[in-house]
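Presented below are the structures under discussion, each in the form of structure tokens.
Below are two complexes that have chain A in common, paired first with chain B and then with chain C.
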Partner chain A sequence: MSGVQSPFSAMLSALARHRGVTGSMVVGEGDGLVVDSNLRVGVRGDAVAALAASLYRKVRRSSHAAGFGGVTFLQLEAELGRLCVAGRGRLVLVAVAERDVNVGLLRAEMRTALEGLA
Partner chain B sequence: MSGGSLAAVERWVEQPLRRFVEDARLRRTLLLHPSGQVVAQQGFARSVDVMSACALAAGIRASAGELGRMLDGRPFGELFHAGDGRQLYLADVATPRGPYVLLAVFDAESSLGLVRLYFAELAEHLAAAAPAPVAEPQVLPSGFEQELNRNLAVLFGRA
Partner chain C sequence: MSDDVRRWSDELARDPASLVFLPLGETLRRRGELALAERVALRGLERHPHHADAHDLLARIAVDRGEAERARDEWGMALQLAPRHAGALRGIGFLSFAEGRLEEAADYLARVAAAAPSDAAAAAALVRVRDALAAGPAAVPTAAVTAPERGARIAVGTVGRERPDAARTLFAEILGDGEHTALLLDADGRVLAGEYLLPDGHDIAQEVAVELNGVSDEAHRAMRHLGLGAWQAVVFETEVATVAMGAAPGGAIVLVAATLATPLGFVRRTLARALAHASAWLGRAA
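Entry: the complex of A and B
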């Protein structure tokens, strides 16, 4: 976690306290750079941020192309964990979680947290 | 998808650079010596454009290096410029053969985060692939122009 408090610090701390969440980040959708983060040791924040933002951009464009409108929530389920992404404006909120995380609860918390994004 | 095929004067840079271009989805790429001598290019159609871009990149690197020394006590490691449609990333790559300079041009298909992410891998791969240095490199070799023309001819299939 960065030493400087940002407008997102409290929101990221709340997400990080969620059981099974190993990291949460606010990331620029366009540049894939970390704006603020709360990560456990071992989570490669910069790499996850860049790739998650890229994934989110592509999914958003696919959704528009398919006529589905905007993306509200994106979840990637992998063998060893989950990546949850939700966006608002030019920012995306990324949560890195263990596989057995309560996705429903996390999704609800991320949707609430999105209100705090610019 | 990245634009244009890749051509290299020094063969050992080809594979790492090709992978970087694909992974980071670059539109144009240059790898050059700090003197401005081109080593590899991707996405450029004319040799005169490569020559100009290399000269400008070397100049920007030199200026930014001095500015970095003045402001931070050491040269800046990387530079980023954002245009309307295209963005530019300029960074040093340290190898056993000495420093090389990478110029990467990308658009909305990629992002600064992705380019930086894959650049870190490229730097590792180039450092591992570089052959041992043969001699102390000169800042500006005496046969610079001749070497430049030869490299451009190799890159554009006129050698």
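Entry: the complex of A and C
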């Protein structure tokens, strides 16, 4: 966890306590930089932030171009884990999770947490 | 800028005659950076005017820009240089199909099958074209609709579903009458099977596929760097729809789009079933 308390710290701690979540972050969508994070040891925060923001940006643009409108929630499933991203304004909320996480619950919590993103 | 793009750009700066302009241009094209991709391709062609892959790259960029004639010219040039160039044969084959020139499409795609027997996507496309030929003029692709017509609806019109086109109706059994649809795309974002119908019967599958092309590349890139293994699915919810994309064999993609009223778990299950169906179909086509 970063040493500085930010307006997002409590929200990130709550997400990080979710079973199966190995890290949660608030990231700038445009620059992919970490604003605040709560990560387990071994999670490469900077890399996750940059890649999650880039993927979210790509999906958001593609979704608009394809006529589906703005993206509210994104989930990437891989062999060994999941990446969940929800955006609001210029910030995105990112959760790194294990493969068998309860996605429904995590999704609901992330959507609630989004209200805290300015 | 991704590591690969940076590395290739640096190499090209050091050695302008390097062939890395090919993967660099293709990566930029897939990202939708068409102006930059074209500049890279044209500079490469200045150094390698007789390289068939360079003309193939420029043709792909032209297709993405909606310049069909220019693409056909470039692929024609590639075939003059390398008569069995699978990319050029496949490109003209798909272009011909999109333009309703079914016999020409079948001819080119059959030549792909001969030049690259392992190309399951081209083989599947050939099946689709032959189905369309068997179905007659009704199966000729419709003209593209305008963006306002496209809207954001997931329509489940019935127009076209009665066509005896095995590819077009590949997912009909899975989808039933629900408010969702499914497509099978090849690695370059071309529609191999399925349909995306507006209420008036227009099939906008290819338009949707072009716009979403590149998402899977981005997912693959993220997974490669994060060490989470191969990506299996990307699911995103929008203001009006839920879209799920899954990785199929040979770099192909299955896409399921549903209205927001469709439960997320149902969309995910539909994607899994569509992936199994598509994998079996690609296997048969190959």
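By our rule, the second predicted complex is superposed on the first by the 118 of 118 C-alpha atoms of A that agree within 3 Å, B and C clash if a C-alpha of one lies under 4 Å from a C-alpha of the other, contacts with A are read in each partner's own complex, and residues count from 1 in each chain.
Following the convention adopted for this analysis, a residue touches a chain if its C-beta (ideal position, glycine included) is under 8 Å from a C-beta of that chain, and two chains touch if they have at least 3 such contacts.
Every value quoted in this text rests on a predicted model; they were computed, and no experiment measured them.
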item	value
Three-chain arrangement built on chain A, chain B and chain C clash or fit	clash
Partner chain(s) touched by A:20 [first = chain B, second = chain C, both, neither]	neither
First (chain B), second (chain C), both or neither touched by A:30	first
Which partner reaches more residues of chain A (counting touched residues only), chain B or chain C	C
Chain B versus chain C as contact partner of A:54, first or second or both or neither	both
Partner chain in contact with A:116 - chain B first, chain C second, else both or neither	neither
First, second, both or neither for A:66, with chain B first and chain C second	second
Clash-bearing segment of chain C relative to chain B, given 7-15, 61-69, 79-87 or 151-159	7-15
Chain B and chain C footprints on chain A, overlapping residues	47, 51, 54
Contact set on chain C toward chain A in their complex	31-32, 147, 150-152, 207-208, 211-212, 214-215, 218-219, 221-223, 225-241, 243, 257, 264-265
Chain B-facing residues of chain A, complex	27-28, 30-33, 46-47, 49-51, 53-54, 57
Residues of chain A that touch chain C when the two form their complex	44, 47-48, 51-52, 54-55, 58-59, 61-63, 65-81, 83, 104, 107
Interface residues, chain B side, partner chain A - complex	108, 110-114, 116-117
